[in-house]
Amino acid sequence: MRIIEADLNKLKEKINLMGILTQDAIEQVVKALVERNTELSENVITADDKIDVLENEIDKLATDVMVLRQPAAGDLRFTITCLHTAGIIERVADHAVNIAKHIRVINNEPPLKPYVDLPKMGTITREMFRDSLQALITGDVNLARLTIRRDDQVDDLFHLIYDELLEVMQKDPTTVKRGSELLFVIKHLERMADYATNICEMVIYMMEGKVIKHTQEAF
Amino acid sequence: MRIIEADLNKLKEKINLMGILTQDAIEQVVKALVERNTELSENVITADDKIDVLENEIDKLATDVMVLRQPAAGDLRFTITCLHTAGIIERVADHAVNIAKHIRVINNEPPLKPYVDLPKMGTITREMFRDSLQALITGDVNLARLTIRRDDQVDDLFHLIYDELLEVMQKDPTTVKRGSELLFVIKHLERMADYATNICEMVIYMMEGKVIKHTQEAF
Amino acid sequence: MRKLIDKFVFTICSLSTVLVLSILALIIIYIFANGVLAINLDFFTKLPKPVGEDGGGMVNAIVGSIIMVTLAALISIPISIGAAIYLSEFGKGFLATIVRFLVDVLAGVPSIVIGIFVYTIVVLPMKRFSAIAGALALAIIMIPTVVRATEEALRLVPQTLREAALALGAPYWRVVLEIVVLSARSSIISGVLLAIARIAGETAPLLFTALGNRFLVTVLDRPMASLPVQIYSYAVSPYDDWHRQAWAATFSLVIFILLINLSVRFFFRTKE
Amino acid sequence: MENLQEATKTDNLILAPRKKRWLMSPSADKAFHTLTKSLALFLFTLVIALVASMIYNSRLSLSRFGLSFVFSSTWDPVKELFGALPFVYGTLVSSITALIIAIPISLGVAIFLTEECPYKLRPIVLTLVELLAAIPSVAYGLWGIFVLVPFMRNYINPVLEKGLGFLPLFKGPSYGIGLLTSGMILAVMIVPIITAISVNSLNSVLPSQREAALALGATRWEATQIVLLNARSGIIGGIILGLGRALGETMAVTMVIGNRPEISLSLLAPSYTMASVIANEFTEATYDLYLHALIEIAILLFIITFIVQAFAQLLIRQISKGKKS
Amino acid sequence: MLVKNRNMENTSLESKEVKEVKEVKESKENKEEAKNLKVEVEAENLNFFYGEKQALYSINLKIPEKSVTAFIGPSGCGKSTFLRTLNRMNDIIVSARVEGKILLNNQNIYAPNVDVVDLRRRVGMVFQKSTPFPKSIFDNIVYGIKINKLANSRTELQQMVEQALKQAALWDEVKDRLNDSALALSGGQQQRLCIARTLAVMPEVILMDEPCSALDPIATEKIEELIVELREKYTVIIVTHNMQQASRVSDYTAFFLLGQLIEFDETEKIFTYPKEKKTEDYITGRFG
Amino acid sequence: MLVKNRNMENTSLESKEVKEVKEVKESKENKEEAKNLKVEVEAENLNFFYGEKQALYSINLKIPEKSVTAFIGPSGCGKSTFLRTLNRMNDIIVSARVEGKILLNNQNIYAPNVDVVDLRRRVGMVFQKSTPFPKSIFDNIVYGIKINKLANSRTELQQMVEQALKQAALWDEVKDRLNDSALALSGGQQQRLCIARTLAVMPEVILMDEPCSALDPIATEKIEELIVELREKYTVIIVTHNMQQASRVSDYTAFFLLGQLIEFDETEKIFTYPKEKKTEDYITGRFG
C-alpha cells in the first residue's frame, strides 16, 4: 500500500467523524428549538469540544501529510479539501453552538407561536450539510451540485421567516427579545447552509480540479 | 535566491493587498453607517469582487507552492497560514458586504438615534483587523497576542449595543425593522473581530508552531 | 572453530607474502651485490676484449640497446595509438572485433616467435642480421601492450565527455585528439613507458635478428649488440670475467627497468 | 557578441552554414576515421603475415614429417630426424609445475594485500611484487644459473629424492638443473602476473560485498570467500595469462632446464622446451631443413599459446556475460 | 474516483455508526500512545576519529525500538560513520577509533568481551548499492542462515527462506526462479533481496545507508513501503540524502552537521517546527 | 523571523500604498501573459528506433522558448533518447534511426543538408555526471569558444569566459583560480562549470540529462536555482527522475511512458490536476 494511503484514510475517517458529530449537533439544536428542550441544546454546547479537538487534529494531520508525504494530483486536492473542510465544519458546529446559546434565552420566554417554517429550514439545512459531507466522502459531484442548488430554498425561507418575525415583533413589542434571538437563529441556519455549499464547492474542486467559488459557474 | 522565495513573496504581497482592500471595506462600511452614506457602502459591495479574485489566487498559489515547492518548517507554516488567512479575510470582507447590504435598509429609514458605541465598535474591529494583518506580515507575535485580548472589548460592546437596541425596539415598535438590521450589523462586526482573532492565532502558529485555536491557552 | 579457521587462513596469506618479498629481496640483493662489485667506468666506455682477455666493457651493447629500443618505440607508438583510437572510438564492427582478438593473440605470442617471424621477413631477404630487424621485432612486441593500454585508457574516458565536447560544436576528430586522448594521457604514457621497459630487457627476439656485434656500430643494416643478448652469451660462457661483466650488465639493465617502473607508478598512478 | 547571437539566430544558418575550414567539416572526420582504420588493418595484416611467413619458411619440415613431427621424440640434426615431442612435453610440464607453485602463493599474497595489509603499505607491497615481473628474463636466467641451480642441487633436490624418491616424479639423479628448477623460476616470474590481476579483481569487488557478508554475521575469512567468489573470473583470467607467459618464456628456462631432448617422468631430470631449443639451435641450423624444423616448432608454440589465449578469452567473456544478464 | 477507490463507502454518515467510528479512532490513539516504546539503541557521548580527524563529536541519542529513524544532513556530516558505529562495521577501518558507548538493549557493544560477529548478525545492514552475492537467489538468503547455523533441517531452511522473501515483499516475484542468479534481478529486486537476506538472520536492528539512492522512483517507492512495514517488527535506521524520503518513511529524524547531532525529534516536528535554526535552514534549503 | 528576513517591512498596511502594490501585481500579470511565447522546439510525429527496437512512438510536442521543460517518466521510457534526438547526439549510435521531424525555430534539424556540428553548438547539453575536460577552469570555458571561433581577441575571450562563469553563478567561487585544474572543483561546481561552458558558445537551447542526480542536496539546490534563472534567456529542457525537482524548476512537464508522450502541460496542471489517469498514477506513486 502506498505510504500516503494510510494517512489519507485517517484524514477521511476524522472528517467523517467530525461531520457526523456536527450533523448530530444541527439535528439536536433544531429539535431543541422546536421541542423547547433546553437540555438537548446544552448537550450541543458541551459536545462542541470534541469537534474543536477534531478540527485541530485534522489540521495537524493534513499539514503533516502535506509536508511529510508531498501529495500530488488527487491526493493533494483531497488533502487541501480536508484542510478547508475541517475549518468549515468547525464553523458550522460553532453556529450550532450559537443557536444553542440563543435557545437558552428563547426557551426561557413563552413560545412565540408554533414554528412551521423554522423546522423546515432546519431540516433542509441539516440535509444540505449531510449531503455535502456525503458528497465529500464518496466524491459524488452530482450530489454536490444538487446540494448547492438547494441553498436558494434556505435563503427564501430565511427571508420569509425574517419578515414574519419582524411583523410579530412590530405588532407585539414584548416579543422583541425572543424575536431578535430567533432572528439570529435563522441567520445562523442560513450561514450553515452557505457553509454546506462551500463544502460542495470543495468537492467539485477535489474531483474536477475546478475552482467554482466566487465564479458564477453555471452548473 | 531560493526558488521558493519568489513564490512566498508573491503570496505575501497578495495577502497584504487583500488585507488592505478588506480593511478599506471595513472602514468604509463603518463610515457609511455613521455618516448615513449609502453610496460609500455600495462601493464596498462592488469592490468585493476583487477580494474574491484575490482569495482564489492565493488559494491557487498556496496550493501550487505546496505541491511544486514542498515547503518545510517556517516556509510550510507561512504557506499554510496564507491558505487559511485568505479564507478568513474573504469572510471578513463578506461580513463587510453584508453590513453594506443592511445599510441599504437602515439608511432608507430615519436615523434611530446618534450612534456612540457603534462607531467605537467599528473602530476597534477595524483596528483589530489591521493589527492582525500587521502581525501577520511582520510576524509580530506580541501584536497578535495584544490583538486577541482586544476581542473582549468588542464582545462587551456587542452586548451593550444589543441590549440598548432591544430596549429601543421594545419601546418603539416602529424601530423594529431598523433595529433588527442594526442587530445584524453588530453581529457582523463581532464576527469580524473574531476573525481578526483567528488571524492572530494563525500568526502565533506560524511563528511559534503552536496551535492555540480551541485551546484555552493563557497568553 | 570458525574463528580458528579464520586465523589460520590469514596466517598462511601473510606467510605467502613474506615468501614472495624475500625472493624479490634475494634476487635484487644478488644482482646488486654482484653488479656493484663488477661495475666500473670501463664497462660503460670500452668495447669487449677478445676471448680470454680480462677487462673491457659493453659500450657497444649499451648503445645498441638504446638505438634499437628508441627505434622500436618510434615505429610502434603511432601505429599502436592510431589503432587503439580506431578500436575504442569506431570499434563496433567485425574488423574491430577481429583486430581486438588478434592484438590479444599477439600479446600472448612468445617473443621468440616474433623473433623468428622477423627473421623470416627481414633477415632472410636481406641475407644478414641487422639492427633494423631487431628494432622491428621489439616494435612488434611493444604494439599489443601499447594498443591494449591505450584502448583501455580511452575506453575509461566516459562517453559523456565525448558527447559534452560534441555538444559544444566540436568535430569528432578534434574531440578524440584534444579531449579523449588528453583525458587518457597519463595512462597512455605509463603504458608506453612500461612497454619500453619491457622491450629493453627482451633477449630472445634479438638472438636471430640483431644478433650481436663485438664492435660499436650505428648503421642500422648491420648486426648490432644489445645488453640482454650480451648478458646471455656471457652468462653461458665459461669465463669468470665474462660472468662478472654479465652481472654488471644485468645490474645496469635492472636499474634502468626498475627506475622506469617505479617512476611510472609514482608519477602516473598516484594521480588517478 | 550580441550581433553574433543575432546572426546565429537567423534561420537559414542551419541550411547554409558559415564558410568553414575543411578541418571543421564532416570530411575531416571521415579522413580521421580512415586513417585510424588503416592502422588497425595493418595490425590485422601483421598477424596474418606472421602466420603465413612462418608456414612458408617451415615448408620443408612440414612436408617431410607431417603430423609425425609432433609425436616423434627423436631430435637428431645429424641424421636429419626431427620430432618435437620432448620439447612439447618439457614446455607443458615446466609450465604446469610453475602454475601449481604459483597459484596458491599468488592468491595468498592477493588476499593478504586486499584484506589484511595495512592500508598505507598496500601500494608499496603491490609495487614490490609487481617489480618481480619487470625484471628481465635474462636476469632471472643469470640468477638461476648462479644461485638457484646450486641451491637446488645441494639442498632441495636431495631432500626430495630422499623423502619422495619412491615416486617417479622425484626420481634422481639430480643435477640442480631440470624441470623443477625451471618450474620454480617460472613460478617466480608469473606470481606477480597472477597476483596483480587477482588484486585488481579483488579490489574491484565493491567493499559493500564484504561488508554485507560481515553484516550477516560472517567471519573475516567467510567474507573473503564472498569477495573471492565475486572476483573469480578475473582471477581465472590472471592464472591463464600466467600460463601463457610461462609457456613462451625463453631465456630463463633455457639457462636452467638442462637442454636435453629427452622425455623423463622425473621433475628433477634435465629437459628441453620449445622456446629454448629455438634459442639454442637457431643460429646453428646449418641446413634449410633444420631451420625449417625449428620454425615449425615456433609454429607449434604459437598454436599452443594461441589456444591457451583463446581459451582464456572465451572463459573470461563467458563469465562476464553471465554476470551481465 | 480517488475517494471511491478507497473502499470507504461503507463508512456512511448515519449517526448510529458514530460509535463504531469512534472506536476506530480510539484504537488508533491507543496505538499512538503505545509508541512510548523502550529504547533499543542508545549513543552515550560518542566520539569517533579517523586517525587524527574527528568525524563525530559527543553524540547522545536514544532510538526507540520498532520505529524508523532517519539520519539526514549534508554530505560528509558523519551520517554513515555514525550508522556504521552501530554494528561496529567501522572496526575494519584500521585508523578508526571510538570513544564513548553505544548501547544495544542496554549492553555496550564496545565493551571488551562483545562478540562482534554475533553483534553484526543482530544489527543487519543494507547498503546504497545493492550487494547480492553472485549466487542463486535461494543461496543468497541461505548464506546468513548457514553461517550462523540458524536452521536445523532442510525444511526449516526452506521455510526460513520463504518467510524472509515474503517479509521483503519479494516472494511472489521470485518464487518460481529461486535458483536463478541473484544478479539477474532488477535493481529494486536486488535491494529487496538484500533486505530479505538481512531479515533471514533475525536481526533486531536494521541499518540502511541510502538504500534507494541507486534506484528509480518506482523501485524506491516499493522499498519505502517495505521500510514502513518493517517498523512493525524491527528497529530501522536509515541514512538518506533525500529529505522527502526521510519525511515519508521515518518516525524520528536526526539531523547531523559537521559531525554533530544538531537535533533529534519526531519527524513531523523536525519538518514542521524544528527547534534549531540550523535544522530549519537545512530543511528549507537555506544552506551554504 | 521568517517574515522579517524577507525585507517586506516596507510594504506596510497604509491604504495610500494600495496603488503601488496593485501596480506590482499588474506588472506580474503582464509578465505571465507574455508567457505566450513562440515555439522553439517542436517534435512532429517522431519515431525512434535502436535497430529493431522502437524506443519512441510518434511524439508530438511544442516547447515554447525561454521556458524550462521537464521530462519525467519511469526508467527506460525514452526520456534520454528523446532529449538526445534534439541535438542529434543519437547520430553517434550506429544502430539508431529517426523518423519524423524535429523543428528548431521551424527548421527541421533532420533535413539532409543540416550542419550537425553547428546544430550541436546551438543546442547545448549537460550530463548526469559532470564532464569537465582535464584542463584548467579557464581552458574548459575557452574550448568551445575557440573551436567555434566566437572570439576575435584575447580580451573578448576573457570577457566571454567571465560572463559565462557569472551566468552560471560560479564566477565568485573560481575567479581567483581560473588556472587551476577543473578536476579540483567539487561535484556541484564542476556541474556549474559544464553549464558555463555550454553557455559560452551561445546556445539557444540547453538540454540537461539528470544534471543533479549525482550531486548532494545543497549542490542540487544551487543548480536548480541556476536553471530557474537560465529561463530568462534560454530554452531549457531537463530530464529528471526526481518529480519534486521537476515541480520545482519547470514551467512545463512532459510525462513519458513506454516510449510514448502521455501528457504535456504546464507543470502545475500536471501536478495538481493531470488529465491522464496514467500521469496521475505516476505522480501519486500508484505505479507498478
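Letters A, B, C, D, E and F mark the chains in the order given here, with residues in each chain numbered from 1 onward.
Please note the rule applied: contacts are C-beta pairs under 8 Å (C-beta built on N, C-alpha and C of every residue); 3 or more make two chains touch, one makes a residue touch a chain.
Computed from a prediction, not measured in an experiment: that's the story for all the values here.
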Requested in this report: Mind checking chain E against chain F and telling me if their interface is mostly the same residue numbers on each side, over half, or mostly different?
Outcome: same
**Report entry** Comparison of B-E and B-F by number of C-beta pairs in contact, larger one
**Finding:** B-F
Query raised in the report: Just curious, how far off is chain D from chain A if you go by their C-alpha centres, in Å?
Result: 88
Query raised in the report: Hey, how far is the Cα centre of chain C from the one of chain F, in Å?
Result: 50
Report task. Would you mind pulling out the distance in Å between where the CA atoms of chain E average out and where those of chain F do? Result -> 36
Report summary line: Note: chain E sits from chain A at a C-alpha centroid distance in Å of 45
Report summary line: The positions of chain B in contact with two or more other chains are 2, 63, 67, 70-72, 74-77
Report summary line: Note: chain C residues in touch with at least two other chains are 2, 171-172, 174
**Report entry** Junction residues of chain F - those touching two or more other chains
**Finding:** 117-118, 122, 221, 243-244, 247, 271-272, 285
Query raised in the report: What does chain E use to touch chain A in their complex?
Result: 1-4, 6, 8-9, 11-13, 15, 17-18, 21-22, 24-25, 28, 221, 224-225, 228, 244, 247-249, 267-268, 271-272
Report summary line: In the complex, the residues of chain E that touch chain F are 74-75, 216-218, 221-222, 241-244, 285, 287-288
Query - Complex contacts: residues of chain D adjacent to chain E - result: 118-119, 206, 208-219, 222, 226, 229-230, 322-323, 325
Query raised in the report: How about chain C: which of its residues touch chain F in the complex?
Result: 92, 158, 160-172, 174, 178-179, 182-183, 185
Query - Contact set on chain B toward chain A in their complex - result: 49, 52-53, 55-56, 59-60, 63, 66-67, 70-72, 76, 80, 83-84, 87, 162, 165-166, 169-171, 173-174, 176-177, 179-180, 183-184, 187, 211, 213-215
